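Below, chain A partners chain B and then partners chain C, in two separate complexes.
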Partner chain A sequence: MARILVFSTNNISDPGIDLCGSNHMDYPLGVSVISVPCSSGIDPRWILYALEHGFDGVFVAADGTDCSYLQDCTTRTGKVIREAQELAKGAGLDPRRIKMAAICSVCSEAFQNHMKKFDQALEELRGEGNED
Partner chain B sequence: MASQKIGVFVCRCGGNISDYVDVEKVVESIKGVEGVKIARVNMFSCSDSAQEEMIGLIKREGLDGIVIASCSPKLHLNTFRQMAQRAGLNPYQYTQVNIREQCSWTHTHDRDGATQKATRLVRAGIEATRHSEPLHPIEVVTRPSVLVVGAGIGGLRAAIALGEMGLTVHLLEKADRPGGLVGTRKALFPTGADGTSEIDSLLQRIHTLQNISLYTNASLVKKEGSIGDFSVSIRVEPKDGQDRADTIQLNVGAILVTTGATPYVPKEGEYGYGAKGIVTLREFLDLLDSSRDSDGIYYEGKRVRRITYIYCVGSRQKEGHTYCSRFCCSSAIFASLEVHKRSPDVLQYHLYRDIRTYGSLEALYQRALDQGSLFIRFSPDSPPKVECGHNGGGIKVLVKDLLTSKRELEISSDLVVLVTGLVPRVEQQEVQDVLKLPVGIDGFFNEIHPKLRPVETVVAGVYIGGCAQGPKNAQESVESSLGAAAKAGSILLKGKVELEPFVAEVDEGLCDGCGQCVEACPYDAITMGQRSDGTPVAVVNTRLCKGEGACVPVCPKEALEIRGYGHEKIRSMIRGLLTE
Partner chain C sequence: MKTRLQVDCLVVGGGISGMESAITLGDMGFDVLLVEKEASIGGKMILLSKVFPTLDCSSCISTPKMASTYNHPKVTSFTYSEVRSIKRGPNGAFEAKVIKRPTFVDPERCTGCGQCEKVCTVARPDQFNDGLIARRAIYIPFPQAVPKKAVVEKKGVSPCTRSCPAGISVHGMVALVRNGRFDRAYSRHLEDAPFVGSLGHLCPAYCEMKCTQGKKSKIPVGIKGIERALGYWHLKNGGDKTPSKSGEKRFGIVGVGPLALSLAYFLAQKGVRPLIFTQGKRLGGSLLDAVEKGLLPKEILEDDINTILAQGVEQKDSPENTPFDALLEQNGLEGLFIEDPVRAKESERERIFSSPLKLDEPHLLPHIIGVARKISGPIEKFLEKGEYSLPEDAFKGLEGEISIQEPQGHNEELLPEEAQGLASRCLDCAVCSQCHECMKACPANAIDFSMEPEEVSVTTKTIIIATGFSLFDPSKKPLLGYDRLPNVITAMQMDRLLAPTRPYNAVLRPSDGKVPGNIAIVLCAGSRDRTAGNTWCSRICCMYSIKQAQLIMGALPIANVTIYYIDIRAFGKGYEEFFQQAKAMGTNFVKGKVARIEPTANDDLYIYYEDMERKGGLRRQKHDLVVLAVGAMASPQLRKAFMGDDAPDVDEMAFFSQSKGLSEPGVTNIEGVFVAGSATGPRDIPDCVVHANACAAQVASYLKKTEKG
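Right after this comes the complex of A and B.
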C-alpha cells in the first residue's frame, strides 16, 4: 500500500473528496488528507518533508479555475509543484512522486480515479527502485 | 500556549463509522499519546447529551484542547466550536477529524485497514490541536452605509431594500440613465410586463427614499479600507456646461456589485451575421418592441413570413464562451409567441441543441409547439449553415436534423435570428481592478460557493448580485441582488462583524525584509515596514488579508504563515499521519 498525502482545500476539493465517501466510492487506504485554505498557499517544503519522512507520494488537489481567492491559482499552484519537484530532485527523490490535479467540489469520480492511478504509479516506481 | 491536556472523542455516528472502523481500538491506540489526557467513544457526538457530557469532561479534567473524530467538518465544525466555547475553551483549539466521509465510508471492505487509517488521522488531529493557539475572531465596527455599483433592475431593487432598512445608499450607474438591459425592453418574459415601466416604478420608489443617492455617468475608481469601513472614490463625468469630471469621496461599510452583463455580439460572418436579414436576439426584440402596434412583422419595410432561430450562438462553445446563458431559450421562445400572436401565418423554425426552458418556463415551450413553431435539433458537430443572397436576397439555412437520421434540411428564411446569450461587460474590468474581485473561467465575478455562499466574495464586505456573477433572467437577477442586499444589511445593521482569524502573520525574528511576499500578495495586504532598529520587515494588514496563503511558499525564511496553518503544525500533522 502506497502512502499518499493529499493536500486539499477547505472550500473546493474537500467537498469533492467528501463526496467520494458520501457515495461510498472506494479509494486506496494509504490516502490521507490535510486541508488548507487554498492550494496556492501550500509550501513546497511541506511536500518535501512528507516525502522525506515516509510518504510515497504527495498529491495536491488544487482549486483550479474554481478558486474563490485567485484567478491565477492554477499558475501559482503549478509553481509550487515545480518547486517541490526541484526540491525532491535535489534531495535525490523521484519528482514523479509529486502530482497535482484540479479537483472541484463535486469531482468525486475524478478524485477516485486520480488516487487509484497514483497509487498504481507509485507502486510501479517502487518496483523500479527495487530493480536498481 | 499550545494545548497540553487534550481530550479525544471518537464518534460511532450510530453505525456509520463503527460498522467499518473499530472505534474502541482507535481509542485504545491513542491513549498513551503525549498530551492526551482522556480518550472516549461517543455514540453520536453531535447529540445534545454527548455535547453536555463532553462539556462536563472538559471542565472536570481541565482540558485545554479537544479532538473530535467524526463526520466531515463541513457538517459540524461550528457545532463543536460552539460547544468548546460553552465549555470555556477557545474554539480554535478544537480539531475535527473526518473519519466518516474520508475513512469509514470509503473503506467499507477492510475493517482493519480502516481502523489503522482512522488511528493515523486521529493522531494527526491530536498534533493539530497540540499545535493550535487560542485565536479570536477579528471584530470590525461597520458603517451604516453601502455602495451599490450598477443600477440595472438588480441594483435598483437592492438599493431600495437597503434604503428601507434605514441604511445610507449610494447607487452608481455608468450610463446616463439607470435601468440596464431591462430598462430598454417593452415585454419581459414570461408575463409580458413592460420593462421600461418596471424601471420607472423602481425609480419613483428610489426618489421617495431620502437616504438613497443616485449618481449617473459615474464609475468607481478607487477603493481603500476593508469590510465595515471602505473609503471609495467615484468619478462623475462632466454634465453639459461642465468641463471637468467630479470626483466624490465616500465612506461605506459594504459594497454591492450589480454591474450586469451584455449581450453577445457575433463576429462578422458568424452564421452570416452582418448580412441583411440576419439579426441577434436583442436586435429582434428591439424590432418587436418598436412595432408593438403593428399587425405583422416587418423587417426593413418588407413583411416577414418565415423566421429561423438558431440557438446557442456564441454559447456553449468548446473554447471562449463555454457556458449556457440560461435565459436565451425562454426569451427567444417568448418572442416567437409574440410573432404567433401578431401574425399566425408566419412560419417559425427553431434550430436548437438543447432547449432549456426550465421550471414553469416549460409552459412557454409547450405553447410555442401548440401554436405551430417547428423545433429542429442539430448536433454541435454539424451546426447550421447560413447562405445569404439566394433568389434575389432570400436567406437559406441548411441544417442536419438530428432526430430524422441527420437528413439535411433547407429552410428559406426572410429573417434569421441568432439566439445569443450574455457575456461579461468590458467595463467590468475597471470594477474588477479596483475591488480586486476574482472572476471565474467564464469571466463573471466568482462567489465563494455557488450553493452555500452564493452572493459573498472572498473580499469581505463585497457582495455580488445579478448578471455580474453569471447570466440570469430579470427575476433571478432581482433574487440574487436582494440576497446580496440582505447579506450586506445583516452586517451593517448589527454594527459590527466578526472575521475568521485565519490571516497571515509574520515572525519578525525570521523575516529578512526581502519583500517577495509583498509581490506575491494578490490583495495588497502586505507592506514593507521597519523594525525599531530601522531594518525592513513585512507587515500584514489583517483586514485586507484573505488568508489564502499565497505569501507562504515564497518566503525563503518561513517567516510567514497563515494562523491555524503554521509550518510546524503541518509538519507535525504529517508526522502524525505516518505514525503506526
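Right after this comes the complex of A and C.
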C-alpha cells in the first residue's frame, strides 16, 4: 500500500473528496487529505518534506478554473508542482511521485480514479526502485 | 449585542440571483452585504442535479460561485440571518435591521469536521434533501456548503426541561435513552441533579404534565418511567464513580436528609470538600420513610446515596449536642450548613447557613434538589469572596402549603428496552435536546449554548430583493395523493435522487427502496390550475421534467418514463432540440391532464387521466413511482420587513413587480429598491443570471446618479 498525501481546497476539491467517502466509494487506504484555502499557496518545500518523511506520493487536488480567488490559479499551482519536482530531483527522488489534477466539488468518481491510478503508479515506481 | 454596518447595496437572498448580483456589484467596487436565511448560501441551484438544456453539472457551477461570493473582498455574507425591518432614513438611505440567528457554534473554531453530527441524539427531516432523509439537530447543511460550518437548530427550551424544579435537562435525558446511550443519560442527569433512581419513584413528574405529546395524544412520554429505568440500569451496571474535582476548602453540613445530601453533591461538583455530620442517624432522612412506606426500593436509595458519596462527600458521626462553633473549629471548616431550620436558630454566626423552610417531604424531592442547587452557588461564592447572598427566588412557590399530589406507588422495575420504547414517543419540541453530546465530541471546543441573536443595523443606499420563489405544496391538491401515497414525490425530491450529492447514491422509491421501473412525471401539478389558486405557467417545469426523464434513463437504463402534459413549452434556445432528444431516447409523452392518483397493491400507483390525443376518454395507467412537477410560487415574505406603505408592489401572482419591466428591468416602484431573478416571476437559471446582472447594472447606475446628486 502506497502512502499518498493529498492537498485539497476548502471550497472546491475537499467537498468532492468528502463526497467520495460519504458515498462509500472505495479508494486506496493510504490516502490522507489536508485541506488548504487555495492550491497555489502550497509551498514546494512542504511537498518535499512529505516525500522525505514517509509519503510515497503527493497529489494536489487543485480547483482548475473553479478557484474563487485567482483566475490564474492553475498556472500558479502548476509552477508550485514544477518547483517541487525540481526540488525532488535535487534530493534524488523521482519527480513522478508528485502529481496534480483538477477535482470539482462533486468529482467523487474522478478522485477515486486518480487515487487508484496514482496508487498503482507508485507501487510500480517502488518496484522499479527495488530492481535497481 | 449590536453592531453597525454601512454598505452601498443590501442583497436579500443568497441563491443564484443574489450571488450573481452581489459579485457583479462587488467587482464594480461597491460595498455589498448579502443576507441568507439558511446556514449556507447557494439557494436552490446547488441542490439540483443538472441544468437544462446543456446538462451541465449544477453544483460544479454553483460551488465556485458560492466560494467567490463568500470570499469576495467587497461582499460581506451573513448566513443564518434575516432582515427584520427596513425603514427609509432621513437622507434617503435605508436603515435595515438584520438579525444574525445564533448558530451555537463558534464559526472561528468550527472546521466542519462533522463529529458533532455523529453523536447528536435528535433527527429532523433534511430540508436540503426535501425531507427524503434525516439530518441531525446539529448539522452542516450539505458537503458543498459555504461556509462549511455546523449550526444547531434550537427552538427555546422544551416544556419538560423548563418545568423541572430540579433543573434537570429532561429532554436531553429522554433523547439519550432513545438512542440507547444509558450511561450517557445517567451521567447527563448527574450533571444536573443527583437522586436519579429516587426521583424516578417519588417525583410528581411536572414534566409529564407539560409534555406536548401528552397534549396531543392524551398520553405523555413516560419520562418518570425512563428515569426509573435509568436508576435500575445504574444499580445493575454501575458506572463512573470518579470524584468530580478535589478542592481544598472544607464545608460542613449538619443533616442526613435529601437537602443535606443534594447540597453536599452540588458543592462537591463545584470543587468544595463537603463533610456531612450524621449525628447518629442514617443517611437518607425522609427518603427512608418513603422506603418504609414501600414507595421507594431500599437498594435504589442506597445506590443514589453511594453515587453522591462517590463524588468526594465525606461523612462523620458526632454527638448531637455538639455546638456548631465547636464543629467549625474542630474540623477546620470554612462554613457550616444546618438542614433543620429550627436547630439553625441556636446559633447566628456569620459562617453558619440554613434554609428558612423545612423541606423534607419525599414528594418534594425535585424542589429540594432545586433549592440545594440555588443555595450551592452563593455558598461557593462565600467560600471564594466571603460574601453570601441568597437569590430571592430560591424558595419561590414553596412558602405556605404546597398541595402536590402524593406519588402513587410507581415501583415496578422498567427494563432499558422498555424505557427506549417510551422515549421514542418524544416529539423533540425544542429540536436540540440539550444532551450536550456535541459539546463533548467537538475537538475544537466550538459549541457554545450561551450564544444570543445578534442585531446588526445596516445603513444602505439600495436594496436588491433576490428572495427567489417557493415550490407549490402538492398536499393542497389532495387528489394527487402526495400526503397519502409514499411513492408520489415532488420534482425537487426527484432532482435530489439524481444529484451527485444524492441521499442513497441511487434512484430508489421511498416506500420499499425498490429501483423503480415505470416512472410517471405529471406536469402542471400546481400550475395553470384555478383550483390550486395559481393560474400561471411556471415556465420551468416542462424543461426540468424533460431533463429528469433523460437523467432517469441514464441512471436506470431499463426504466420506462412517461410524461403527462397539457402542452410542452420548449421556448428557449436549444429547448426544442432538448425535447426532441428526450423523445428520441424513448420518453413516452402523453397529452392528458391527470385527474387523480390512487394506490394499488405493493404501493404501486394508478394514474387516472383524460386522454386528449389518442382515442380520448378517461384512461388509467399503472406506474411504480410518480413525480409531481410542482409549480413555482411567489415568496413575498420580505414585504413585511418594509414598514408602513413603503413596501414594493407585487403583481396578481404575488411576485414582486417591476414597474418598468420592459425598459428598466429590476426596478420596483420604490426608489432604491430593486428586484432580481425569480423573485419577479418564475425564471430558469440562465434567465435568472441575466436578470441579476441587469439588476446589478441598474443599481450601479442608480448609485452613480445619486452620488453626483
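For this structure, a couple of remarks:
The working rule: the second predicted complex is superposed on the first by the 132 of 132 C-alpha atoms of A that agree within 3 Å, B and C clash if a C-alpha of one lies under 4 Å from a C-alpha of the other, contacts with A are read in each partner's own complex, and residues count from 1 in each chain.
The working rule: a contact is a pair of C-beta atoms (placed from the backbone, for glycine too) under 8 Å apart; a residue touches a chain by one contact, two chains touch by 3 or more.
These numbers were taken from a predicted model, which means no experiment stands behind them.
Greater residue coverage of chain A by touch, when chain B is weighed against chain C, goes to B. Using the contact criterion defined above for the overlaid structures, shared-chain residue A:76 touches chain B, although it does not reach chain C.
In the superposition on chain A, A:104 makes contact with chain C only, not with chain B. In the overlay built on the shared chain, the residue A:40 is in contact with chain B alone; chain C does not reach it. Of the two partner chains placed by the overlay, chain B and chain C both lie in contact with A:15.
In the superposed model, A:32 lies in contact with chain B only, and not with chain C. On chain A, the surface touched by chain B in one complex and the surface touched by chain C in the other have residues 11, 15, 18-19, 22, 24, 65-69, 105 in common. The part of chain A that touches chain B in the complex is made up of residues 1, 3, 5, 11, 14-15, 17-22, 24-27, 29, 32-38, 40-46, 49-50, 53-55, 65-72, 76, 79-80, 83, 105. Across the complex, chain A is touched by residues 72-74, 98, 100-110, 113-114, 116-117, 120-121, 124, 438-441, 446-449, 457-458, 502, 522, 546-553, 558, 562, 565, 567, 570-571, 573-575, 577-578 of chain B.
Residues 57, 59-60, 63-64, 66-68, 70-71, 143-144, 146, 148, 500-501, 505 of chain C are the ones touching chain A in the complex. Residues 10-12, 15, 18-19, 22-24, 63, 65-69, 104-108 of chain A touch chain C in their complex.
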